[in-house]
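Once you've had a glance at the structure underneath, I'll fire off some questions.
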Amino acid sequence: MAQRLLLACGIALTVAGSLAPFLWFALTSFKTQAEVEAVPPLWWPSGGWHFYRVALFDHHLLAYVANSVIVAGSTTMLALAIGIPAAYVLARVKLPGKAWFLGGLLTVSMFPQMAIAGPVWRLLADVQGLNTHWGLVLPYVTFSLPIVVWILASFFRELPAELEEAARVDGCTTWQTLTKIMLPLAAPGIFTAAILTFIYAWNEFFFALLILTQPGKQTLPLGIALFQGEFTIPWGELAAASVLATLPLVLMVLLFQRWIISGLSAGAVKG
Amino acid sequence: MMKSALRALSADHAAAWWMLVPALVFTFTLAVYPVIASFILSLYRIILSMPALGEPFVGLENYAELLRDPTARQAFLVTAGFVALSTTLELILGLCIALVIHAQFPGRGWVRAAALIPWVIPTAVASQMWRYIFNDQYGLANLLLFGDRVAEYVPWFASPGVAFLIMVLADVWKTSSFAALLILAGLQLIPDELYEAARIDGAGLWQRFWHITLPLLRPALLLALLFRTMDSFRVFDLAFVMTQGGPGDATQVLQLYGYKAMFTEGRMGYGSAVSVSVFLAIFFLSLLYIRAIGSRLLERNA
Amino acid sequence: AADRADTSGEPLKPVTLRFVSWKADHPRAWDEAFARFADSHPHISIVRELAPHSSTAYHDLLTQKLKNRDATVDLFFMDIIWVPEFASAGWALPLDDLFSPEEQEHFLPAAMETGRYGGHVYGVPSRIDSGMLFYRADLLAKYGFAPPRTWAELITQAESITRGERTLHPALRGYSGQFKQYEGLVCSMMEFVGGYGGHLMTPDLRHSLLSTPATLAAVEFVRDQIIGHIASRAVLTYQEPESVVPFIQGNAVFHRNWPYTWEVANDPRRSKIAGKVGVVPLPRMAADRPPTTALGGWLYAISPFSRHQREAWDFIRFISSAPLQRHFALAAGIAPSRAAVLQDEQVLEANPHFRAQLAMFHGATSRPRTPLYPAISNILQRYFSRTLAYRDVNLRAEAERADAQIDRLLEIGRSAR
Amino acid sequence: MADLELRAISKRFNSHAVLHDISLKVADGAFTILLGPSGCGKSTLLRVIAGLEPQTAGEVLIGGRSVDALSPADRDIAMVFQHYALYPHLSVRENLAFGLAMRKTPRNVIEERIAETAHLLDISPLLDRKPKDLSGGQRQRVAMGRAMVRKPKLFLFDEPLSNLDAQLRTNTRIELKKLQQRLGVTMIYVTHDQVEAMTLGDVIVVMERGRIRQADPPHETYLRPADPFVAGFIGTPPMNLWAGTLDRRPGGWIFRRGGLEVPVPPLRTDLSGHTDADVILGVRPEDIRIEPTAEPSVRLEAAIDVSEDLGADQILHCSVMDERIIVRVSQRPPIPAGRRLSLSVPQDKWHLFHENRRLN
Amino acid sequence: MADLELRAISKRFNSHAVLHDISLKVADGAFTILLGPSGCGKSTLLRVIAGLEPQTAGEVLIGGRSVDALSPADRDIAMVFQHYALYPHLSVRENLAFGLAMRKTPRNVIEERIAETAHLLDISPLLDRKPKDLSGGQRQRVAMGRAMVRKPKLFLFDEPLSNLDAQLRTNTRIELKKLQQRLGVTMIYVTHDQVEAMTLGDVIVVMERGRIRQADPPHETYLRPADPFVAGFIGTPPMNLWAGTLDRRPGGWIFRRGGLEVPVPPLRTDLSGHTDADVILGVRPEDIRIEPTAEPSVRLEAAIDVSEDLGADQILHCSVMDERIIVRVSQRPPIPAGRRLSLSVPQDKWHLFHENRRLN
């Protein structure tokens, strides 16, 4: 009984703690300007969609959304395209030095962005990559590769080795084994890796700040961090923009919670 | 005979290497090379706004400068404090959340999703959100604490200690669920049989937690601890958006300090020295990580 | 537009100029200006690139482009404080060949001075800008006060007004300004330092003077008399956008800000105190000391990496011409940098505060003009923020430490061959 | 030590009924086997007894007192799990001590009991090792030790030997039997291994789909299975079972299936009403002779389809008038496939079932 | 169809040697079993033959030609895996077609072959299902079909029946044997199940720790194991083996261990130099009689320690002058423990080994 009570409290606290702060922000987005600046603050909004209209049309939020979609989408595709073969090889093929490679890769994911910011910036400058989406995608791919490879490698490792040997006896090359047999089977893992990469790229701030200086190219987090009004901080618009920026991810979590959890635990602990 | 067998095999190995090449290229050009380049840059004095100074080689002078600089020391202390405090809290909270979302109850999927939401909210958004919640005039924190006693409203970010704690709070809120995920994975690995054996042995709820769950969770906790340690060492967005490092450098974290040195002040050499130092700190931590847990992972992968 | 191109005889190659600026305070006034430019220069189209409002963020972004020799930036707004840095780094085009001395004479000499460094002109002043004191004319009148001339007066007035309004209006504070750890903190503090007759640096820019008595006194004054007294401690977290809110919400009696605040405070859609606002020069420390204020302002500058420097100059000439400055003064309340326009009857009628502003402008002090300013500014920000935020720090020790840091930087700066 | 009684235990998981109305008495000191195919509810029943899973209906009595309100810890039982469930982070000694420590047993008593148990099970040298450093058999013994050290009233085993290899399994089986005889404790033992069931148990409880089909001593279960399920489940190769009808002939009852007619042995039940009844006739492969016997027996002419030589035995897959029959013989040299044989089945070796009940 | 020859195959994983100098000839059309305890290298040997794992030394010849340079696909072999390794995302038809399609076989030929194979294995109705919708036995047959459809020279099986339950296993075993006889193909079959080995194989290759211990037909392996390992490995319960010394007596050779003396059968090898040699004497539990026999035999007085009743058989764990001996009898009613027995072992049932070689 006590156990059930404890659990109920735990559930309530978890849900409230996770959602309440953001809900407050979301409430703010439905207030009127006067309500936003009211002292003391008001609980219930009455402003409707005004701030959303302002955020979307006056602050060109849709352009930021489009940029984020392009960047996060291409990052995901490219990271998978590169990560899948690498993960497969690392999971399956006996290669000398493989352990070092995996360890090294893991270390890369720990690099502070600052440690590589300067040279990456110079590198991108040399190839005209600043202020381009692909210029941002490149470091994103680099930083999401470890997690992609890690998750996928653990997924591939879980798939029976027999299947591959069957494919080899049936005449498949390594590449064909990967594309015809392993890929369809690893679909759930790929999906998880894709979600995680997408979330990472959608949320990343440091490189975006560094690489995208042209407002037309900037991604959502940057737009939100550098959000500005005419004279004061436009909290209402900011809240509306934040809700819009977060909504896709919240939907993703609601829909794919199971995959995210299983993928992360597979990648992390079973490693 | 043997040679041809080897050849058949090494053709496969060659294919395998080719499949690694793109990942290697990315990792080397955009991670390994830059770190090396940063290190080389850190040996020069490069001040972009003063090309007249040239770019003299100064050896380790930038590092000496770093050691002398009280601001750098402050940034290091702030970062270390942030790492220690936030990871500790995240681990404790993450463990609690993990225990909750590991239990069986109807609607668990929704609770799990709810717990994950802070983790997917962009840090930039979360930072603005907390900045708003702790606003000195129309923040939720003041409303909850003081209601309409407006005169008592507290300017939270004005106190260095409080500003630092808010940054910790924002990080804990955002990433505890990630720690919880890792710990949850550990929980799932503990067989139910053990709990049943303990129940038969007469262990109560708390004793089961203390004698079974906690010791067996150690690897997962360690993993979460080190993941979080390394990640929180890189804190940047929170300080950048919420406080810009103030007040009085109370939230001046290393990455922000390095960023300012390099990109605001144009001191490429010195900024590189800062970033190389951050890198080394994290690198040694990750060595620790590999020693503590990774060796087991690597064995499995070998 | 096509027919005009025809009438001009020789068709000009169409050119697109990228103009980096912050998000405009008065979008309509600017749109109108751009429209007029498009009419007279049909072959030049202007793309505005909006950068962050915060001077530091804007600086970082712009310098990144310039470091990168980004040819897509043609011209930009340049904070007056960046002139030495940009000049030294070669990020701003010297305008000596384009900007004839005769033309320079039309501008206020003090304003022209902000664009000069090392004997060259790098920018055309777009406005005059300096810190001002805004006040609640209604409240001062209610309590029978004249606008304060000294800080002591300001403090007394603030205290008695807030005391008097306490029951009616508990949230009312005496003062609101900018004391967050950011670039603006240097401006704010410099005004007090100047008030005590002090300086941040020696005139030859060899030594930092933070541990001189005047500078220390200024910090002590702000720490002990302003923050947490007439002003909420919240000012430690305020930049301009935050600091203006209590004022226009009617929660502050006095407010230090840049001239554009006049417009905001009198806009009834945004402000609860529209029509109840007065503006005067910042108070003095003592009646016998000169008033001091921080010099601000923005210059039009051309990127040396631009491929359309001629057209960029055409645009600057146009936008800083007398008619346009009149337009901005009337439509947006921006104080002109051309002496003639500033004295224009119509302009002054619409903006009575320009007189006070001009007076202030002449006494304004500039922040240290060195290419190393961004680094020095960071040290200054940390120093001021620490000493204001922590009440128990050893002020002198902190000052000496910051002095040493700055001196060391300056020494490095002098090591040029 | 205590006896155990189950009274009409039922168990459902949500809407899925796993145990139906299970009643059973286990005498003090008896070794009782729960045997049945996978998923029949053996583990569930054991867990209900342990109190790890509450029953949906019915009552569990240990030593005559209802324990339904007691937690597993308070029922004074011990359980040995299939995967042993040793605490991996504790040494063997600590594993043994855990249950006692939880019950606040004094330190010196704990020491004493551990020494005693370790001696009995011959694991004294292992006391300071961690479970991961033990072999399968050693782990098994530690798991037993952990159960024994508390001296509970009742021991519950859930397939404790299924993770050992064949050799070790045989040895441990024999040791376990000796141990039980020596300690005289009450044990409930789940398995799906026939050999374990036959050799260890005083009573075998055969379960199928949540019901008890038979609860008898092993030899009784083998010799007189209560229904066709038990008949087919116990014995390798399994009993030959034919579905057919019963017919009255002048000389007695006849089993008929297609062209095959078999005179059946005297029945215990009165079959007056059962002419043409559907019945199942069974005979064990090892009860069929290929040499003529003296006993009264039925003769069947058979052809060998496949002959499998297992070394010691031979399994003959034969057909008798289109019906398949498996015969087990021990014969050297082996009889090759293709040969015709005359099989004889002693009258008393037939098993006859009707509507899930044994007729003879 | 083709014969297979292994010439001195060795295999090491890093420094760990798994196969030592394996040489073997498999005749065209033979059914060869690889049997041995877990970890002895059976799978590794099979994988070397398949080309999935390169050998460290030695040569593999199929149909007389070395295949060392060929990839698995080019060796013209088929393999059936323990877990079947059916491609889960492909239908049965696609699974069957996959190998042919990879070899660019024309569409119509593929169709034809699939139809033919499906008919043969009786899986035609399953062709459009996914593997997950098949029962264990059906999966097993599809796996066989996938191997057969390519008509390879050589079939390799790695414990193909180990995932089926007992009943299905017996049936499939019999079908497999029939199929092999009908197709006349060469098969190499890994198992650690003695029954499968005894019943399926033309030849059983017994392996231990990477070496071949014996390669003979099943009955030969059972009747005349080549060394004590094979003797102990084949047969359940295992052969009784005693280590002792050999002694010359006037009447012939005597085996002596402690107080026990056993006259041994005539030996094939000349033992002149072997007086006092260390030897191992063996006798199978099922070869020991408890009634006197007519044949010349050795009599041993035994006491029954434990008597296990398996239903059809009884296993008696006895002691003969401190030596343990296991006896298997089929006796009703069972003989209880504690009784004394007079055992007789026919002279020709003794097995005698010296230095890993058979003496008689």
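All chains are identified by letter, namely A, B, C, D and E, in their written order; residue positions are counted from 1 within each chain.
Throughout what follows, a residue touches a chain if its C-beta (ideal position, glycine included) is under 8 Å from a C-beta of that chain, and two chains touch if they have at least 3 such contacts.
Quantities reported herein were computed from a predicted structural model and do not represent experimental measurements.
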(message) Give me the set of chains touching chain B intersected with the set touching chain C.
(response) A
(request) Going by C-alpha centroids, which chain is farthest from chain D? Tell me that one. (result) C
(message) Measuring centre to centre with CA averages, how many angstrom lie between chain C and chain D?
(response) 92
(request) Just give me the whole-number Å value for how far the CA centre of chain B lies from that of chain E. (result) 57
(request) Provide the C-alpha centroid distance between chain A and chain C, rounded to the nearest whole angstrom. (result) 39
(request) Could you list which residues of chain A touch at least two other chains? (result) 37, 39, 210
(request) Identify all positions of chain B at which a residue touches two or more other chains, and write them in rising order. (result) 137, 150, 153, 263
(request) Indicate the residues of chain C shared as contacts by at least two other chains. (result) 64, 67, 171, 245, 249, 251
(request) Sort out for me which residues of chain E touch chain D in the complex. (result) 38, 166-167, 170, 174, 177-178, 194-195, 198-199, 218-219, 222-223, 234-238, 284, 286, 306, 308-313, 315, 317, 328, 330, 333-334
(message) Under the definition above, what is the set of chain D residues touching chain B in their complex?
(response) 47, 50, 52, 71-74, 77-79, 81-83, 85, 87-89, 98-99, 102-103, 146, 150
(request) In the complex, go through chain A and note every residue touching chain C. (result) 37, 39, 121, 125, 130-131, 210, 213-216, 226, 228-233
(request) Spell out the part of chain C that touches chain A in their complex, as residue ranges. (result) 23, 25, 49-53, 57, 61-62, 64-65, 67-68, 70, 72, 171, 240-242, 244-245, 248-249, 251, 260-261, 264, 270
(request) Flag every residue of chain B that touches chain D in the complex, lowest number first. (result) 191, 193-194, 196-203, 207, 211-212, 215-216, 218
